[in-house]
Structures are given as structure tokens and as C-alpha cells.
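Take a look at the structures below.
In what comes next, chain A is part of two complexes: it sits with chain B in the first one and with chain C in the second one.
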Partner chain A sequence: MMRLIAIFKRDLKSSFREFLAVYIIVAPILFAIGLRFFIPSVEAISYQFAIEESLGNEVVQEFKKYGSVETYNDLDKLKSRVNKVDDIIGITKGSAGGYAVVLEGNEAGGSRYIAHQIINRLQGGERKEIVTFSDIGARISTVAIYGTSSVILMAIILCGIVIGLNIIEEKESRTISALGVTPMHRLEFILGKSLVGFSLPIIEAFIIVWILNMTNINLMMILVMTVASSLIAIIFGFLIGVLSSNQISGIANMKFLMLFVSASFIGAVALPQTYQRFLYWSPIYWSTIGLNSIVANTATWPLIGQYTMWILGLTILIFFIFRKKISTGLS
Partner chain B sequence: MIRVKNLYHSYTNDSNYAVKDVSFEISKGEIFGFLGPSGAGKSTTQKILIGLLQLQRGEVSIDGKDIRNANRKLFNSIGVSFERANVYKKLTGIENLSFFAQMFSVPTEDPLKLLKMVGLQDAASKKASSYSKGMLQRLVFARSMINNPSIWFLDEPTSGLDPTTTSVIKDIIRNRQKQGATVFLTTHNMHIAEELCDRVAFITNGEISAIDSPRSLKLKYGEKRVIVEHIEAGELTKEELSLTEEANKERLSSIISAGKIETMHTQEASLEDIFIKLTGKELK
Partner chain C sequence: MRRLLGLLSKDFTVAYRNYFFLIVFVVAALLIAATVFLVPEQLSTGTGILYTLDEVDSSLAKPVIALFEGHKEYKRLDSKEAIVEQMKKNKNTVGIVIYEEQEQLRFEVIMQGFENERSKNAMALTLESLANIGQLQAESIETVLLDKDMDYGKIAFNKSIVPLLLLNEPIMLGFIFLATLIFMEREEDTIKAYMVTPGRIKEYLLSKIILMMVLSLISTILITVFTVGIDVNWLMLIAITIAGSWFSSCMAMLLGSFFDSISKAMIWILGISLVLSVPMAAYFVPSFSPAYLTVIPTYDLMFALREAVFPGTNPAVMYRSILILAALGAIMYAMSVLSYKRSLARD
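Take a look at the complex of A and B:
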């Protein structure tokens, strides 16, 4: 056990002293921040309204049903609030009585209609239109769902690549022979090297969820899916490690792997339901639909259990196919 | 302590042997020198003994245990200094030693103390990527002592080191021998072998041609010679004469009876001369 921790700590230390590894670890976090700032609709599931106080409490209460409300008694203050980076819709008194909607101009597609529909309803419109509103809401959050799960998946896969880089380092510096003349067992080496691939994705997944303000999703499920998906990333990491004699060929192999991962992800997201079964062989497919359902809040434990079993089964299969290669590559 | 019997090794898995029918025994507390030119099979033999290369043919036992079914705990009492410095370049000297210390399940040495012994105290907290070749060599040497090994494998521990550092390393090896360590020393430096080793083996092309103490090898194969400087016909002449050849012996006695000798030195054959004589090969 002590050796596992020692190997893990050494790998962390070494990775954080290597530009490429740091970049690989930090990239998903940067992507999450980018997603947060450049696609404000990540948060669009709950809308924000800035309402002129003089419109009265009834109006404020109605808008509160659909999102959070800030009230302003000064029109200029309201306008400057609307101009801030996030999506917030201003509602003021119209010049000819009634309501006016104040927009910044770059709001996500559905925002302006939602305001119109709520106003419509306030003025005695049909309930039917409000239903359309929830459709719009769901469509906008698709970006948030796929964005979040792809960034989490990216973090998991990239941490596997960090393992690969650490193994390449051991091979290039021949330190693996120095370890070969200590009481360390090969299994301890493999498990110790794997710890990076288990721990970093968990930390990163929670950071990503927090950055994207997705904290209302089931975090326990995120944990389970992340750990299960890490298994496959770890095997990929070891494969990259044993197949690459140096960092350059490691990066070449990594591109290959990324192609496979993105194909599985895009397939899972874009293929019609009837063709999805052609992706069942790919553990990344199961990770993708698992993460998507958790982020969309449609996941149930039996479903997550089923996805996890698929991932475990396929991972074990892949491990047995490449077991010899990994084992001989490490000696 | 270490027994090797009829050891063969082929990297190509054919009859092209890098090591051929090598047998020797090393007793406890002995420094055993493995001498031979580059490519002779020294490192190959060492790698088989420490389990880095698979034992293909022959028998090897360490401390009475067949290495084929040795427990990994055996490595708690083994130290290895590699010929090519294999350290973590992104870690400092201290970090390298501390990391390896954690791999052993026996009490380990203080890393800084070891680095001081080999003169690396100033570089202890610098990354190994900034070390020179000689510094790296000393770092792997220091690392090989981290678990206080009683069986110590040293592959070219002094190659590329200056004379002062070389003598520091020699002293460390001698001291550890006094504390009871058994040493397998691979080198092509005859002076080190002559000074340190209780016994040496000569190896060329994967085969051992002689095993004995440096002293007996010299007595057995070294021709005693004498160098005389004497005045002959008013001029200083220098002659080298064998003490075993009849003609040379007569010549020497005639010089002595002439009584005009300035200097006279007996000349012992060096281990290197004997190596060349026995193997027909230069070292290096």
C-alpha cells in the first residue's frame, strides 16, 4: 500500500513539472470555463429577469414561477444590469402602457419569446403557449448537457493519457529497471500508476460541474460514472505507454485514441435511436449516454447500474485482449 | 553467496550467445571483479543475476536460493548500480533517493547522507536533468546503497569519473566490504580491479578465460622482468631483461659483475598485461 501511494505521489509530482501533462490536466477545466462564459445558456434552465418595481407584485410573482427575479426602481440601473455578461431579461412599463422587454441583443434564442409568453399569459393569454416555453427550455439546455458531459469525458480520457506519459517517462529513463530490482511487485506498479487515472478525473469532474453551475444534478451518480469510465481511460493510458517509445509517438497514439473517443461520443449524441446499437461495443458510448442522462437529470440508479455493467464488461474484455501486450511492455 | 553454473544467454534466442558457459562462485564478504572489454557480456551477466533478464539456461543461486523461484523480498538485501544512469530527470537528487527508499520494506539510509558521501550535497535539491554525466553516475551509485544492501552489484561505478571522485567511490566500496557486503564489480578499469578485488574473472566474447586473485594471476602468468640502467663504454644504457629466460639471465649477471649499475627495478606484470596475454585482446 505504501508503495502504491509513493508511486502515485511521484507521478503527480512529475506530471505537474511537465508542461504537456499540466496542459492535459488543465485543458478540461479551461473548456468548462469557456463553456460557462461563451454559452450563457448553460444556465438557461432557470431564467433570470430584471423587473421594474412599479409593475407591481403580481407581475413579479408570475415571473418568479419561471426563474429568478431582481427588482429595480431605476430604469437606468435595470438597463445596465441587462447589459452584463449573463442572460437576464429586463421587463419594464411600455411607453404606451403594457410591458416592454429590454434585451442586450445576444441572449440565447429562446429568451425573448419566454418573456413574451409570460407577458401574454399575464394579459390573459392561453396556457398552451406556456407549454411551448418548456420545449424551448429543454432545447436550449441540450447545449448544456452535451457540453458538460463531453468536458467531463474529456477530463477522464486525458487523465488516462497522463498515465501513458508517466509510463513513457519510466521507459525512456529506464527507471523501470531500477524499480525491477526492488521488492516492488508489478501489480503494485500497475495499481500505483493507475491512481492518477482514478483520482484526478473525480476531482476534475466535480470542478467542472461546479464551474458549470450544475450542482443540482446527482453527484453520487457522477461519481459512479466517472470512476467506471476511468477504468477504460486507464487501460488506454497503459496501452499508449507500452506502445510508445517516446513522447512524440505517445502524442501520435493519443490522437488516434481521441478519434475513437470523439466518434463514440458524437455517435451516441447524433445517431438516431435505431442505429445506436452499432455503438454498443464501445465503452465510451455507455459513458456518454450515462453522463448525458445524469446531467439532464433523467438518470435513474437502475439505468446507471446498467451502463456501469456495460462499461465494466467491455473494459475487462479490452483488458484481456491487451493483457499480454501491457505486461510484456512493462518489463 | 552467489553461485553461477553453466550460464548461457542469447538475445536472439539462437546459438548466438552473448554469454557462454559462464560459471563462478562468490563467497560472502568478497569483492569479485568481472573484467572484460566492451561487449564482452559483463552487463548481460549482471542483468541475469539481478533478474532483469530472464535466466535462459544454467543455474544461478543467491544466498543459497535459486533465483528462478526467488521471492521479491530478496531485493531488500540487494543493491544495484547501473552502468547507464537511470534516474527520474524531473525529480531532484533527494527526491530520487527518497522515492526509491519507499520501495523497500527494510530500514533505509538517509538520502542526504548518501548524497554527501558521493559529493552531491550541493546538488541534492536540483533536478537530475541539470546533472552532468558524472553526477548522474554518482547519483545511481548513491541510490544503490539506499537499502543498505548486503549483496551489491556495481556495473562500471567509476566510468567517467575524475581520479579524486574515483578514489572516494573506491573507499566507499572498501568500507562496505568491511561491514560484510558481498560485491560483484563489473569494470574494464584494471587499476580499480587490482586495488579492490579479492578475485577477478576475465571475460571476452561471453566466455571466462581465468578466475583468480590478482596476485596469483600475476604469479602464475606474469613474467618477472628487471629494468637496469648501467654505464657501458662510457654511456648510460637502459635494458629490460626477463628473469626467466636463460640468455637474459646471463646478460644480467654479466652486467652485475661489471659493477657499473646506476638503477635496477624489478618489473611486475600488470593485470592488464596478463589480460592481453591470456585473451589476446586489449581491454576497452
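Take a look at the complex of A and C:
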């Protein structure tokens, strides 16, 4: 146990000396802070209108009920704004004295017609209160859910990368060979190295949840899912470490790891349910849907148990496939 | 020129021996396979509308239902309970219960609960307009179309994501690979050995940038041909890829000049990569264009790639993006040359 803690302390000291651990800890926190500012602007997405000033304040105010408004005193400037890559609908005076809607031509379906509907209202179109609203009580948007789970996942994966880079450093400085002649067992070495990958993600996950003001979610579930997901990151960290002869090839291997992580995450959030079975082999997929359901407050313990079992099963399978490689790489 | 060719020969050999070309081919093959076989052709990126009819006179609701049935985002369910159940599973949906009161069509819109007031107003306005569609069509509102009419929504989903793949992989490839190459040579002190030759630092750096451009072009061409096909604006696609690769390589070079090991630079490399990929959030939501997003050069680059892959309405974005990337790359290149000269003089 003492040897195990000694390896952990040594790894931590080495990482802090090169500021690597500081960066690894700070990076997800900075992203969480960025996300805190990003989420409200995404949730406020609405139509955009560019309106010729001469149409008057009444027109501007009516359009502001449905989206953000920019005003222009020159038709050419208005057209130039509409021609930019984002979707913004221009409103100007028509040649016959009425209104004209200026479109670029590639606007999404709904935004093409909304301006006509607002103008119709302005021109005195009959208003009948025929729409009522209710909601199902979801207070967290999809952006907030996916954003939170992606930052937690990033913190977990980065800690795995620290393990990988530490192992490569040990190989380059030949300390692994030196450790081989000490009474330390290989399992102690593996567990000692893994402690960074277990401890840092837990601390980070709670800081991220606090920054994003998601403290009303089940923190115990977050703990379980973070620990289970850390196992994958630790295995990946060891694989990067043993498969890479130097830090350069470590980066190349990391590139594949990132591709695998991002594909699993994007697939889990974007693919329709029927296609998701193609991702069942990926433990990151189960981590993603687990974290998403916890943040969305739809998770139940049986569900979390099921996701955790998938992660554990797949991680053990990956470990057994690469067991010899890891063992040889660490000797 | 001969010195540059010599450096290029050395850099291509180093890249080959370190499997850079193999990585480019394997990653491109994986992306192509995923795009063609895994990503569905039909996938809605907008809000899904779930609707049901609650004892409505069919003749009254017929025009509205006909419109709803014409959209792939609209799905008819049996009851309000079924709508709520589906909405809980998919937060990117809104429900509508269509019912009749005093011979007037009415709508109960079931929102998730986090939507903003403007979205609700727009939804109400759209439904009111649908219920009075005859009145809307009677109004004469001019429509001025600035460019060719092009509906990106008609492009198959798996093909529509290709510009994102090109931005994320071939173009940002230089960012990681060049940093890797620089630190590898720094560890081996190659640059110090090079400095005792008549070679100049700008040639040394330029050679690596050219290598990244070639790798980017290989990846871009492979991914484009095997996903979208050959019917793209090749001239502009190649020009944008070169400009994008120039920008990302120069940025990696500048970043590399501040650190003495790749582990110290790693988080910055990953962090900046993530910041540069943030504009992707706007790809499927073009009305989302806050200033902090549009100032990131990859925002214009992403739409420039879309314009080159799916030639359509806005060629100006391609020229603008190329100019901006070329200028930013040139500034960072000049700064890198100065920074490397200073650090070598210090050593």
C-alpha cells in the first residue's frame, strides 16, 4: 500500500512539476466556465432580422417579439448583411409601397416564411387567440445536458492521457527498468499509476457540476458513473503508454483515441435510436448516455447499474485483449 | 529553392517513418466508412414536432394536416399521453394537440419547459398563420432573392456533414502533426544542427508547413471523393484546404515556440483545437451567430468548405475565408520565425 501511494505521489509531483497536472485540472474547469456563458446564448437562439430603419419603430418592435433585430439605414448594407453565411432575413420597403422580404436563398425552411407571417400581422391580419401553451417541466436544455456530460467526459479522458504520458516518460527515462529490480510488484505499479486516473476525475466532475449549477442532480450517480468511466480512461492511458515508444507516437495514438471518443459521443447524442446499436461495443457510448441521463434527471439506479455493467464488461474485455501487450510494455 | 527541396525531402521521410501518411490514410478510411455506412442519410437536425388530433372535424383540419405531413420533422401520434412520453425521451421535440372549439381549429402546444419566449411567439404565429392560410396567401409581400435558391436541407445528412469532417480532420490535422514534428526535432536538437548550415529558419519552418498542406490535401481529396463524389468545386476546395492548413500549421508552429516539450504544450494544443471547433455548433443552426463565434476563423472556414463541397449561393465566403486565413497565417508565420530565432540565439 505504501509503495502504491508512493507511485501516486511521484506521478502527481512529476505532473505538477511540468504543469501538466495543473493544465489537466484547469482545462475542463475553464471549459465548464465557458460553457456556463455559452449555454444561455444557445438557449436564446431565435430568428434574426435585418430591418431597414425607415420602416419605423413599430415594425422593429413587432419583429423583436420573434427574434433579434439589427437595423440598417442603407439598403445595400442590409443586403450585404443578409448575404453573410448565417441565416438573417431582411425586411425593407417593397417597390409598390408595401414590404419586401430579402432572402439569401439558402435559409432553412421555417425562417423563409416567418417574416411573411409577421408582416401579415403588421398589415392588420386577423389575430385569433387559438394557441395555448403548456410544458412537461424540463428545465435543462439539450445543450446544457450534452455540454455538461461532454466536459465531465473530457476531464476523465484527459486524466487517462496523463497516465499515458507519465508511462511514456518512465519509459524514456528508463525508470520502469529501474523499478523492475525493486520489490515492487507490477500490479502495485499499475494500481499506483491508476490512482491519478481515479482521483482527479471525481474531484473535477463535482467542480464541473457546481460551476454549471447542476447541483440538483443525483451526485451519487455522478460519482458511480465517473468512477466506472475512469476505468476506460485508465485502460486507454495504459495502452497509449505501452504502445508508444516516445511522446510523439503517444500523440499519434492519442489522436486515434480522441477520434474514437468523439465518434462515440456524437453517435450517442445524434444518431437515432435504431442506429445506436452500432455503438454498443464502445464503453464511451455507455458513459455518454449514462452521464446524459443523470444530468437530465431521467436516470434510475437500475439504469445506472445497467450502464455501469456494460462499461465494466467492455473495459475488462479490452483489458484482456491487450493484457499481454500491457504486461510486456511495462516490463 | 534547393535548400527548401532538401528540407522537404527530409521532412517527408521523417513523416513517412513516423507513420504520418499511414495515420492520414487510416483516419480518412475510418471517416469515409462511418459516413457512408453508419451515419444515416435521413436525419433531422431541427426540432421534431409530435402532433395528435383530438376530436377534430377532418375537413377543418385537412389543410393543416396536409402541411404537417409534408414535413419530415412532423410525426403524428395517437394521443397527448404518447406525445408527452416521446417528449420525455427526446428533448429536441415539441408537441401539438390539434382540437376544435366553436368550429375553430385550436392548438395546444406542449413545450419542454426551457424554450425562450421568442420561440413560443414564433410557434404561435406559425400555427395561427396555418389556421388562416388563405389569408396569408392573399397578401402581396414581395420576396427579393439575392442568390440562387439552394436548400441545404435537401442534401443527404451523411453527405451534409462532410464539410465538418474536412474542417475537423484534414485542416486541423496540421495543428497536431506539426506540433508533434517540431517537438520531435527539438528533442533531437535538429534545429540547432540546421542552424550551423547556410539554411534559414524560415525555410526550415516552411518545409514543415508544405508537408502539412500535402497531408491535408491527401485527406481532403480522399474524404471528398469517397463520400460526396467528384461533383464539387475542386479549385476552391483545394485553395481553402491549403489556406486552412497554412493557418493551422502556422498556429501550431507559433504555439510550439513557447514550450520546450510536447507534454507542456499538450493541453494548449487540445484546448485551442477545441476552441477552433466551437463554431461547428452553428453548422446546423445557421441563425446562431453570436459575435464570439463568428470571430473565430474556423466559422467562415466551415461555411467556405460547405460552399466548395456543395457549390451554391455564397461564393464570397470562400474568398473571404481564404484571405483571412492567409493573412492570419502570414502574421503567425512571421512571429514564429522571430520567436525561433530568438530562442535559438538564447540557447
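Structure notes:
Quick note on the criterion: the second predicted complex is superposed on the first by the 225 of 331 C-alpha atoms of A that agree within 3 Å, B and C clash if a C-alpha of one lies under 4 Å from a C-alpha of the other, contacts with A are read in each partner's own complex, and residues count from 1 in each chain.
Keep in mind that, in the parts below, a contact is a pair of C-beta atoms (placed from the backbone, for glycine too) under 8 Å apart; a residue touches a chain by one contact, two chains touch by 3 or more.
Quick caveat: nothing in here was measured; it's all calculated off a predicted structure.
Legend: residue contacts after superposition of the two complexes on their common chain; A:215 is shown touching neither chain B nor chain C. Looking at the shared chain after the overlay, A:169 reaches both chain B and chain C. Looking at the superposition, the partner that touches the larger set of chain A residues, chain B or chain C, turns out to be C.
Of the two partner chains, neither chain B nor chain C is touched by A:73. When the two complexes are overlaid on their common chain A, residue A:13 makes contact with chain B while staying clear of chain C. Residue contacts after overlaying the shared chain place A:328 against neither chain B nor chain C.
Of the two partner chains placed by the overlay, only chain C lies in contact with A:117; chain B stays clear of it.
In the superposition on chain A, A:182 contacts chain B only, with no contact to chain C.
In the superposition on the C-alpha atoms of chain A, the part of chain A touched by chain B in one complex and by chain C in the other spans residues 18, 169. Those residues of chain A that touch chain C in the shared complex are 18-20, 23-24, 26-27, 30-31, 38, 41-48, 65-67, 79, 82-88, 90, 92, 94-96, 98-111, 113-114, 116-121, 123, 125-128, 130-142, 144-145, 158, 161, 165, 169, 246-249, 251-252, 255-256, 259, 263, 267, 270-272, 275, 278, 296, 298.
Remark: chain A residues 2-3, 6, 10, 13-14, 17-18, 169, 173-175, 177-185 touch chain B in the complex. Across the complex, chain A is touched by residues 50-52, 72-76, 78, 80, 82, 84, 86-91, 95, 99-100, 102-105, 127, 140, 143, 147 of chain B. Listed in rising order, the residues of chain C touching chain A in the complex are 18-20, 23, 27, 30, 34, 38-40, 43, 46, 71, 84, 87-88, 91-92, 104-116, 118-129, 131-132, 135-136, 139-153, 176, 179-180, 183-184, 187, 261-264, 266-268, 270-271, 274, 278, 281-282, 285-290, 294, 299-300, 303, 312-314, 316-317.
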